[in-house]
């Protein structure tokens, strides 16, 4: 089957600190297929982090269901949950709070060790994962010597070593500087391309979401739009209402078109805008 | 209140096997009322340098003069300097330590030995400046605040000391676009209404481009550029070389210039860019080269 | 202000010396043995010989001596207090009283006891520091787990305990940095941690501890979530990428330890207590 993860009309509520019930997810229906490369974008409070935690059963729906490779995440069967978490690995926002060990390669080995993988195979997976993220030469380094960006790459390597079908990343670049952010994005692109692993990238930055094949916009616990980046970014009012910024290039393109210039539609990036304007010269 | 830094060097864990030099021969002069952006990639030394400005670090090599006072001089009252040079940290939870908002903001002025009426006045003023409604938030527990509210409370706590210099270190980190806009609005208002010297430390070029008049660029412990914002930002290639992303507007205008468009350098905001592009293209729909 | 600069406990200094490459079981058992010897040591000569042995270990591990000794500095005030109490309160039978006041009586025995105890604590700290500087946290916990494994039969959760140790040690530098940030943030607001007497200074640390604890709990929470996501379900069924194997250098080290023990026991029995 080509469907990795299915959300079927998922609702999720919880009790806030003041005792009021909060509906964090409302009627989410979503399908993630094998090898997809998508981004989920929304501002703080839109429900995207809550959604992330439903992918591998950290949270389970109040109503509706989440299926991973046909298995429901709302199960009390440990084995089933493990199977789900083997297929959908997660990387979190704070690099420090997801790294267990003090040494790079030993942390990457943590996942496979938990799965009872035979030691020689673990070694192979660890080396492969680190190489895939260009971190192989740091394998014996103490983690506290790495930059925040490098720590995130180690966390991703740790997820990769579990041989998942899909990696869900919950705002992994929020605390990183632009250079590290680029590194992470490029690594993820490579993983998707070379290993066929589905990537679900959660962010609040349009400039990052632009890089993905499919964008899901969340606002107030609902999926507002789900489609190609080019289609999303022309819906300027919708994005503004959702509290998101539009890439400058996209906005300029829209404004120029509104003033009657035949600028190509669906422009997202600087190069695209420049090329299109050159045509008009 | 001018600040001067002369030949400053800094080594972390000096004298241990983990020693690492992070500042190399820093020279900097900050005049009264300037609005400076201190930018650079992570690990460039921005925070370290920032913390010399309020005497959290005392120079072992080089000199730091705050309003003429040498911070390395034993006679200098460092606590007083910290009231005059306010420092807002990236994580507000590190700076808030009283139970309620009002108590916390009042901490500074109380330490400065203000009378109770003065304290109350300053707290009111500070809350107004950051946009925290006094009635709603004065009695509120710090724990009950949202992230954005905590940030404002932390800034208010520093403002209540009436500093003449304000250092904001990475205060937009991790915020979503709306949160960023809100906090930057506060900063803009502060500089305008209070005429303080403001030093804004960040690695986000978009934030900096929006606000500041002068930009100091750091990379690997050295200052590699220092000048008016428009000029520094226009040196796009240098910024890219050290791993910073120039604001998109600047990038777009640069590329257009490279392709022969008659658009000026130093454009920082989208609306200006729009009108310049329109000018350069001539009338819409007419496939004619600009003149 | 750089509080974590001289922190040596929990820090790992990578290297390839003989000491670094020993099996962690050897090192942990060895350190425990040394500590036991230390507790039994009762005279200056034996301590001198122990100190010499410790010095040899430090040099063999290529640890800069200044660095190792600097780590002792934070302990000195506590040792001073302890020494004073021992001096003024210890009154073993047969000792000569130097002066007395109220409940306090200073004896010559108290003098020796205080001094010996201080030396003991310093050397103990050095031994533990040498252990953590030359052994990565994962090695430490692998070693501890392997040593505890026989106890699993009587219900000791060796693997879980080991993991607890890993995480605790891994977060010592992280939390120390966090504490430093909090102290700096509060200093920037006008708190002066250096002013005031000992009691006032201690009280000033409470507003630091609160955010630190909350931060630690938050980290623990996130870490648990991450561990669950990485399929951690406890010790059962886990494999280990690296396995421990004793080698020639370990047997050699055991030999040295045995020889040293003989020397120490000889010194302890032959010379005896100084009071």
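Lettered A, B and C in written order, each chain numbered from 1.
The rule we apply is simple: a contact is a pair of C-beta atoms (placed from the backbone, for glycine too) under 8 Å apart; a residue touches a chain by one contact, two chains touch by 3 or more.
Everything quoted here is computed from the prediction, not taken from an experiment.
Shown here, the protein chains touch in all possible pairs.
Two chain pairs are in question, B-C and A-B; the one with more C-beta pairs in contact is A-B. Centroids of chain A and chain C (each the mean of its C-alpha atoms) stand 42 Å apart. Per-chain Cα centroids separate chain B from chain C by 42 Å.
The centroid of the Cα atoms in chain A and the matching centroid in chain B are 30 Å apart. Residues 12-17, 51, 54, 56-57, 79, 82-83, 86-87, 89, 91, 93-98, 107-108, 111-112, 157-158, 161 of chain B are the ones that touch chain C when the two sit in their complex.
Contacts from chain C toward chain A in the complex involve residues 12, 14, 136-138, 163, 166-167, 169-170, 173-174, 218-219, 222-223, 225-233, 237-243. Across the interface of their complex, chain B is touched by residues 1-2, 5-6, 13, 64, 66-67, 70, 181-182, 184-192, 207-208, 210-211, 214-215 of chain C.
Across the complex, chain C is touched by residues 56, 58, 78, 82, 85-86, 89-90, 92, 94, 96-103, 105-106, 109-119, 122-123, 126, 140, 142-144, 158-159, 162 of chain A. Every residue of chain A that touches chain B in the complex is listed here, in rising order: 17, 43-44, 147-149, 174-180, 204-207, 243-245, 247-249, 251-252, 255-256, 259-262, 270-271, 273-274, 277-278, 280-281.
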